[in-house]
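Below are two complexes that have subunit A in common, paired first with subunit B and then with subunit C.
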Partner chain A sequence: MTIEPYDSGDLPEHKPRRSDVDPKAAKRAERQVGFLFIASGLASAAFIVAYIVTPVDKEMPLPGFGSTNASNLLLGITMGLALFLIGAAAIHWAKKLMPDVEVVQERSPESSEAEHRDALLDEYRRGIDESGVKRRPFILGSMAAALGLAGLPAVVLLRDLGPLPADALTKTMWERGMHILIAETEQKIRPEDMQVGTLISAVPEGIDLVMEEAGNLNELAKSAVMLIRMDPAEIVADQTPEGKEPWSYEGILCFSKICTHVGCPLGLYEQLTHHMLCPCHQSTFDLADAGNVIFGPSSRSLPQLAITVDEDGYLIAREGFAEPVGPSFWERG
Partner chain B sequence: MTYLLARRRSPWATAFLLLLALVGIGGIYALASGSTQAEATAPSASTTQIDEGRKLFLEGCSTCHGLNADGAFQLDGTIAGPTLIGVGSASVDFQVSTGRMPLAAPGAQVERKDPSYSDEETAALAAYIGSLAPGPEIPMPDLYDTTGITPEELALGGQLFRANCAQCHNFAGEGGALTDGKYAPSLTETEPRHIYEAMLIGPQNMPNFPDSTLRPEDKRAIIGYIEALRETPNSGGIDTGRLGPVTEGIVLWTLGLGALIAVAIWIGVKAK
Partner chain C sequence: MSTSKVEQAGGAGYLWVDDRVPASKYLKKQLGKVFPDHWSFMLGEIALYSFIILLLSGTFLSLWFKPSMIEVVYDGSYLPLNGVKMSEAYASTLDISFDIRGGLLMRQIHHWGALFFVAAISVHLLRVFFTGAFRKPRETNWIIGVTLLTLALLEGFAGYSLPDDLLSGTGLRIAQGIMLSLPVVGSYVSFFVFGGEFPGTDFIPRLYTVHVLLVPGIILALITVHLMLVWFQKHTQFPGPGRTQRNVVGYPLFPVYAAKAGGFFFVVFGVTALMGGLFQINPIWLYGPYIPDQITAGSQPDWYIGWLDGALRLMPNIEIVFFGQWNLMLNVLVPAVIVPGIIFTAMALYPFIEQWATGDKTHHHLLDRPRNAPTRTAIGAMSLSFYVLLWIQGGNDLIANTFKINIFVITWTLRIAIFVVPPLVFVITKRICFGLQRRDRDKLLHGYESGIIKRLPNGKYYEQHQPISPEERAVLLARAEAPLPLPMPEKYDANGIKQKGYGVKKLQSRLSHFFYNEQVPMPTAAEIEEGNHHESELTAERNYEIDDARTKALAPHE
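Right, the complex of A and B next:
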């Protein structure tokens, strides 16, 4: 195919580049491209040198930004330059030296000719007639059944990938009489350990065993709670149902630590306003007013855990959570 | 002698004898307990400190906190300054030596600034407020001295920091915003003593973490972890303030995308 300047009339006239008409400019462009390729090669070599020479844990100052890991910085710069310069050279080459005339590529029509299409349709209809499926419906029916059943083994295999969630979404391990332990240090808590304004991240007693048995940390993602003590006079309302024993204990309230929006762990507590914020999307719950949402994307109050003390004076759960904790899900309704 | 005998039945005699006996017993006691008297001079020095603190308090703090440190109200009924009875010396040391008190102007957040009182004056103020009622006391230096902290303690400190502190103070202790202009301050330069005191007392909107729920060794582990965070190098390059997706996003969307657009324009421009 010969390359001819394309002239449709609506494009500006083709202007030759300086490198097309001036052999000196072409030579200069050639040198530039070559220089870029050589620079890329040098950067690759520098990468290898940096890799060998720089100790992995060496720090180097980065003026204006403090310090950074020398190895990461040098490897990143050299490899980045090596790759970028190859691309830059190729583009410079294409722009300055390769032909830049506009060309038209002729193409044949994409659809088949009409007689070929008719012939195919005829053949298809003849095939259906000759197979006799219209006269022998039993074969057609049994074939459909076999094809349908062939999909079932896949369903069985997929179903067997793991157990269904069962009540894992609706139930936590909290139950009546379970001690509330301080997270990480696992101490039992007495009410007098807490002052007004004290915040404790807490977990149910025995959560380590449950998680070890399950082989995952799911229970921590559900059962984590926060204990907050406030002046009882400042509590507007909690979630105690009417006619039930109080769910809080002498100004100590226990709420789920899992945000009801998408399940981030809460903990941004303003002890003077009693606002609990979620660090992810700023959902704000008023813990002095039954954990209601006062700001942010969450649509449900923070579930409260009913607490009391045992005969030794340690804080325990009065019963499990009355509603599922954490974000909403389909079956929750 | 006859003079005394003649007056032995006088009503004054009993009183005189009693006085004599008291002076005698007191004198013997004073002689016998001569050594303990010397020791008793230490609290008496503290008493001068308390007096000094009370003087400073009346001059500099009582306008808002009341002449008896039990709080005061403004004319419109709002609180000028809360009661300081029971806040303890740790509170005073934290608020005054970080310059938060005396307050320059009321606002959403009490700002850290250069302290207005010398170390001795701060200690005197703390002693005075601490003498009013029991409260959290200024921690001894060995409680927050983290030299020789073990990797295990650092790991525990990290777990406790992420469970209790990171939500507000950021995963790298850089601080973060709260509501209505309040914020959790950065911990990157806070002195260990002030971190310890803040956990004890829960200043402003920070919840408190008394020794009964966060043991002294836990607090020391957390301080050790915060100090380790400061020394952790930025292996990934520029840290962009270690504020997470906000600053990283700004850098990527402006510098990163900007560079890509510049290259795309260069590719598209026709060569001359």
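Right, the complex of A and C next:
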């Protein structure tokens, strides 16, 4: 069924363009189209010249914008013009010189005629009949089973895409007595090297060897921590379990650097409030209050690493992380 | 055998083809195929052309890009990073940007092209939605289109992730965090995808195959089907004089449409190339290589991922722990999996939902003006406002920084707005549509307000209305007679037996009322006739009054 609610009237009368009635205007349009094509050709030639002449690393001043890579700028402009002018010429040609009389075409019928549909159905039935699947259901059944099973190897084949998680998500390399190194300099650090208010990115001692051996950066993606020193009076709470030796040392706290939301490294520390904000989704942790979430989408506190100092006065881990670091997952517990 | 016309015209080569594939009759018909013209029909064309540009520029990049996470020490033209350890992927992207002539241009064309590709698809989708072009018989093409949009988002994100710079690595880390949030299988999915722990060394080579072969292959196949259906079903057209449900009015493929569409391809390509030369995009050398414990403030994804990132930022921190053992991270699942899942499913099914709710099973080849389908338009505007709010939240840190607003205030405002604004937008849009319908009705009945103010001899002013043009009349009349909502079904039939499927029918009728309530009635032909007649009589009468007074005033006094 088609709806045809109204009489839309006739096509408006065609109004001739200047180029239709005035041969001079048509000639002018012809010249314009030709010039646009020629200009494009010149731009292509200019591209080749720019490619050969401009060194790849040459900077050129761009008034008002500082400077830019000359090669990129010239190649871009010449290539852009070469292409754009072809388009402009073709469209100008179509608009000015090709007929602009609108043409009416009937739509094809909305559906096949009933007799054709019926004929198709007959043909289909004949095929089904000749294949005999109706009379021999055993074939159909076994074929369906075979096809279904043939899909399974394709799935099974993907098994070796990766190892099973095992304890990789719950364990880091941190363990008792491991030195805490400044991430940038890879040097051990003493408490007196840290003033109140400082924050230092840190890694476990030996992480370089671990990563070199593994040939990847996986350990850094979970073992990265940050050391923060604050006035001990300002620490409301930390994660030290009751009856245990304190996890912080003289106002120095160590937290995982990996956001517990979806795993971005934390980065924006507000010294006065001790708030640590994740630059990705703004989960905000209060480092003076056991790393608890005070705003944003993260649902878990930042895991704290228990620290102390060794006999030489260097900061070390008192033990490994007590809980998994990073984003939460189903079996995390 | 005498020489044929084709041979005389020098088409011996074509004869060779036709001897093997006799398609002359078919091709003759296709060369004259008519395409309707409207600026908004070019949006899909931009998407198509952007895709071709992406294939060409992407092939160029693949000649130098090394999809490898093997660590190397950079030793190239970009001095600030000399001696820095990085992956081969990042190093080869630097080489393309600094050591290969035209490499940076192609990278920037590829990136701009990707941004245009998704943008063009999105706006094209809005055009198709708001004009009702998805209605029968084009539902399949709508679903293909929604699939293409989804694939384009995926493809764009994959490309953004390949160079292994700090931003792209951070994006992947977030994607991995989202994988981990999947109930039961999360950690397994993540380990299979990354070949173990994040980041590992398997992922970028795998992603590369997905980005240059798998996804573009599917996109190419779907675009082909998309276009074949457009070709076969013929394009829709806007209402206007001479345009009906049964015809197509426009220009023939050869030569006019071919010249315009072909020319437009070069225009799109040219503009993209100019952008690549003039405007910097994704300067990966400024971000540095990906190192898992580093981050920059103001990390932003490409524009089309912004709404997802915004959703992640918006969601409050709800995590449910079952039996102290299993965690359901609703704070990640809802914004990153459930909401996008609902949005894309609802979008794909929309043609069928509307068809079911309205009971409209007819073919539609004439496009709706958005005002004439107020409920659909309101649903579209509402969804768009939802999207835009998420998108704003995706840039909340930039907004906070630029306008010095507390970021928590922005987030809380948007958390409330996401529930308040879309319904408001729905209601307001619907009212605007009805207002426009009423104006159209007035125009049909009384003509348009001409702006000509006349003063009558008795000092009264009146504005003369003038009849609208036949073109406008055809457009205004194109609104089908306001469809009636489906009747409420009877609960019991004549024998007092409860109707089968009563509940479903009731829901359908409710939805139908929701879609069609309050439509401004179309004037009947008689009413229009009478209205115009009245208006012209009034004008004539007033003019006579004025002329009469003027004659009297000018007459020499006796």
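Following the convention adopted for this analysis, the second predicted complex is superposed on the first by the 268 of 333 C-alpha atoms of A that agree within 3 Å, B and C clash if a C-alpha of one lies under 4 Å from a C-alpha of the other, contacts with A are read in each partner's own complex, and residues count from 1 in each chain.
Heads up, the rule we're going with is that contacts are C-beta pairs under 8 Å (C-beta built on N, C-alpha and C of every residue); 3 or more make two chains touch, one makes a residue touch a chain.
The structure presented is a predicted model; accordingly, all values stated were derived computationally and were not measured.
Touch criterion met: A:F329 reaches subunit C, while subunit B stays clear of it. Of the two partner chains, subunit B is the only one touched by A:I228; subunit C is not. Applying the stated contact rule after C-alpha superposition, one finds that A:L199 touches subunit B and leaves subunit C untouched. In the superposed model, A:V210 makes contact with neither subunit B nor subunit C.
Of the two partner chains placed by the overlay, only subunit B lies in contact with A:Y269; subunit C stays clear of it. By the touch criterion stated above, A:L73 is placed in contact with subunit B and with subunit C alike.
By the touch criterion stated above, A:A46 is placed in contact with neither subunit B nor subunit C.
Counted by residues of subunit A touched, the larger count belongs to C, out of subunit B and subunit C.
In the superposed pair of complexes, A:I91 makes contact with subunit B and with subunit C alike. Judged by the touch definition given at the top, the superposed model places A:E184 against subunit B, while subunit C stays out of reach.
Counting contacts by the rule stated earlier, residues 69, 72-73, 76, 91, 95, 100, 183, 201, 265-268, 279, 295 of subunit A appear in both its interface with subunit B and its interface with subunit C. Chain contact summary for the complex, subunit A toward subunit C: residues 1-12, 51, 54, 56-57, 69, 71-77, 79-91, 93-95, 98-100, 102-108, 110, 158, 161-165, 168-169, 183, 201, 203, 215-218, 220-222, 224, 257-258, 261-268, 279-283, 293, 295-300, 326-333. Remark: subunit B residues 156, 159-160, 163-164, 166-168, 176, 178-179, 182, 184, 202, 204-210, 212-215, 218, 233-239, 266-267, 270-272 touch subunit A in the complex. The touching residues of subunit A, counted against subunit B in their complex, run 17-19, 59, 62, 65-69, 72-73, 76, 91, 95-96, 100, 182-185, 187, 189-190, 192-195, 197-201, 228, 265-273, 275, 277, 279, 284, 295.
Considering their complex, residues 32-34, 69, 71, 77, 98-102, 104-105, 108, 137, 170, 173-174, 176-178, 180-188, 190-202, 234, 239-252, 255-256, 259-260, 262-278, 291-299, 309, 312-319, 324-329, 331-332, 335, 361-365, 396-397, 407-408, 411, 470-471, 473-474, 477-478, 480-481 of subunit C touch subunit A.
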